[in-house]
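The same subunit A turns up in both complexes below, where it pairs with subunit B and then with subunit C.
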Partner chain A sequence: MNTIFYIAALVALVSTALAISGRNAIHALLFLIVSLLSISVIFFILGAPFIAALEVIVYAGAIMVLFIFVIMMLNVGLEKEMENKWLRPGMWILPSILAFILLIDFLSMLRSMNYREIRGQIILPKQVGISLFTTYLLGVEISAMLLLAGIVGAYHLGRQKKKVIHRFLEKIEETHAEAPDTNL
Partner chain B sequence: MVTIPIEIQILFAASLFLLGLIGLLVRRNIIFMLMSIEVMFNSAGLVFIIAGSRWGQTDGQVMFIFILAVAAAEVSVGLALILQMFHHYKTLDADELSKLRDSKNDS
Partner chain C sequence: MTYLLIIAGVLLIVLTIAAGLIWVERRLLALWQDRYGPNRVGPFGLLQVLADMIKIFFKEDWVPPFADKPVFVLAPGILIATILLTFAVTPFAPGFNVFDSNIAILFFLGNSSLGVYSVVLGGWASNNKYSLLGAMRASAQMLTYEVFMGLSLMGVVMMADSFNLREIVEAQRHVWFVFPQFIGFVIFLIAGIAETHRLPFDIPEAEGELVAGFHSEYSGMKFGMFFVGEYLGVTLISALITLLFFGGWLGPSFLPPIFWFFLKTGIFICFFILLRASLPRPRYDQLMGIGWKVLLPLALLNILVTGAILIYIK
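Moving on to the complex of A and B:
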């Protein structure tokens, strides 16, 4: 168990360092997903299986997909040369090596699992749910309101405004856009 | 169960947080800055889980669920802002958004 923790921690640190130093946003996202998966392994080792599942589903599943959607919509850094590079092994070999180490971790943990030892400190989802919906019920409702505000804000900000085609308005906007350059 | 000293676990979470902070400070691409913020959220949640497993309480995991909700709301609004920024300025460089900067004090 200890060695699995150290290996997963090493994978998380390396992949996070590669994620924040990458040139291409999609590759950085791949490394970030590997980092999230290894942190989920650490959560599982620390006796929080529910949180490990949530980490994979919500972080690596939902939030990273949001990132990927935005990067695809903005179409940043995707020139025609990129399509030729997609088949090179240098693009995917490092994330797959890191993910393979995690897979070996997982398999060896499944083999050496001793349920009696773990049962002492593991915190099951049932206890978490009971605590969440009795002690922290107010926090659940506040976070529901926060998520509603996030939905409304994201809808309002992300809406495409209808562009006004008018000669004079365009001219005014151009002069406004050029004005800060003269100040500098 | 793991017999790793809690100092090493906290050290791991702190180094992860430090990596996120370095990414936030060094990178100018705003998507990378948002990803670094996600890393920092994640490491803060990791400390909650470590403490919760150390004392055998469920409060740490409940706090992680709250952090997850906050991160989801933050990232949706942040990505909408990035979309608007790209529509207005045609760039993802955070240094381009310098309209509020005081140009007189700029050396």
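Moving on to the complex of A and C:
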């Protein structure tokens, strides 16, 4: 199990790094998808098959598709030069130092702990469902409200005035709409 | 050893069925349209598939110079891989499955949502406006229908008390789930057709408007993979309908269980082909409208009613 974990973790690290440094937007997104998939493998190893499946369905399967959809429609091209300007080597220094400090923190924390192997308890979908709808019921309800607000907001932003399909009808409507203005 | 044999067996059966379906579809369409169909190569034209396969293997495999090459090559592979992976959790008969998974249905849904990438990336990487239009239609259509596909199965999951396909089939010993879950069955069928983008929902590749949609630029075996992938998808959806709603391998015991499974799956495959022969393609906005305005509320209502009845009975 440990070997599979290390392989998945390595894939996740490499693909995430490539996703950040990639110049081509779609290629970078593909690496991000690979990273999400390898994180799903890690969840599976840790004994959470339900979360692993949800990671694939929700993140890799739905959210990333929408990302790709948007980038496809925007037809990215000019942004490459801009990104070249942004991604100067100097840009990497400060974040690397900060991340290095965190890494040292993390390593010293790991050293103080005793166990070194993965001992996950397997949690089946049923247990997840039961705890979601008993212990964490309030959280579920609140997130449901939040999603509903999101849907209503998206509907409001995307709403359009009903268009008349035929151009002759449109003209007639325009003249009707303009008529009161001329009278005034 | 038996494990490897099962894997090889599943792969062989599934790929043979998918390839054979090309012939079956052409013959059945011909039958319903009052003509002969392929009947020259071998008995009843059976070797037509073989001839086509030899031909497609020797065709020039051309990648357009304006395409995004790595993504262009990757796209058809994603389609085949996701569908074949789903067959790993599909039990054909008791004991005849690769992986008896506790999250089989979620695994299927995850794979089918990853399958969207093959169409979307294939269309984008082709760098062709028709392909891009097809890819955009495909991504919207498949994302939409994925939602109800998942929701329509939740009634079955509630009744069987499990995500495991084997346990779902065993739970249908007394009554097939198609009777108590008829709405779920209809929604899953429609979503399944849309998800495999088969006719009448083949809007991503509508040849009257978009040349060949997302695979306009594909040739040779890469096109062949899209082509076989479509039939693999039909086989998968038919197998899942059989397992989830029609009792899988359960049937009178004068025939072995695996025979019942293939018989039921075959009937649904023929139904898919009949749909192609008989129904016109809806308009794109009609497809999306019926999805969000009719099928989604119906699927939610189905979950609500099923849950209420189950709680009342228990």
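Following the convention adopted for this analysis, the second predicted complex is superposed on the first by the 109 of 184 C-alpha atoms of A that agree within 3 Å, B and C clash if a C-alpha of one lies under 4 Å from a C-alpha of the other, contacts with A are read in each partner's own complex, and residues count from 1 in each chain.
Going forward, a residue touches a chain if its C-beta (ideal position, glycine included) is under 8 Å from a C-beta of that chain, and two chains touch if they have at least 3 such contacts.
Predicted, not measured: the structure shown is a model, and the values here were computed from it.
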TODO: Using the overlay on subunit A, decide if subunit B and subunit C clash or can fit next to each other.
DONE: fit
Open item on the list: Taking the superposition on A as described, I'd like to know which of subunit B and subunit C A:Leu98 touches: first, second, both or neither.
Closed with: neither
Task: First (subunit B), second (subunit C), both or neither touched by A:Ala9 - done: first
- [ ] With the two complexes superposed on chain A, say which partner A:Ile42 touches: subunit B (first), subunit C (second), both, or neither.
- [x] first
Task: Touching partner for A:Ala17 - first (subunit B), second (subunit C), both, neither - done: first
TODO: Examine A:Ile33 and indicate which partner it touches, taking first as subunit B and second as subunit C; both and neither are also allowed.
DONE: second
TODO: Please work out whether A:Leu146 is in contact with subunit B alone, subunit C alone, both, or neither, and reply first, second, both or neither.
DONE: first
Open item on the list: With both complexes superposed on chain A, which partner does A:Phe50 reach: first (subunit B), second (subunit C), both or neither?
Closed with: both
TODO: Considering only touches as defined above, state whether A:Leu132 meets subunit B (first), subunit C (second), both or neither.
DONE: first
Open item on the list: Is A:Met73 touching anything from subunit B or subunit C once the two structures are fitted on A? First, second, both or neither.
Closed with: both
TODO: Please work out how little space separates the C-alpha atoms of subunit B and subunit C at their nearest point after superposition, in whole Å.
DONE: 14
- [ ] Mind sorting out which residues of subunit A both subunit B and subunit C touch, each in its own complex?
- [x] 50, 54, 62, 66, 73
TODO: Spell out the part of subunit C that touches subunit A in their complex, as residue ranges.
DONE: 68, 70-71, 102-103, 106-107, 109-111, 113-114, 116-117, 120-121, 124, 132, 135-136, 139-140, 143, 146, 150, 163
Open item on the list: List the residues on subunit A that touch subunit B in their complex, please.
Closed with: 1-2, 5-6, 9, 12-13, 16-17, 19-22, 25, 28-29, 32, 35-36, 39, 42-43, 45-48, 50-51, 54, 58-59, 62-63, 66-67, 70-71, 73-74, 76, 117-118, 120-123, 127-128, 130-132, 135-136, 139, 143, 146-147, 149-151, 153-158, 160, 180, 183-184
Task: Interfacial residue positions of subunit B with respect to subunit A in the complex - done: 1-4, 9, 12, 15-16, 19-20, 22-23, 26-27, 29, 31-32, 34-36, 38-39, 42, 46, 49-50, 52-53, 56-62, 64-66, 68-77, 79-84, 86-87, 92, 99, 103
Task: Interface residues, subunit A side, partner subunit C - complex - done: 24, 26-27, 30, 33, 49-50, 52-54, 56-57, 60-62, 65-66, 68-69, 72-73, 124-125
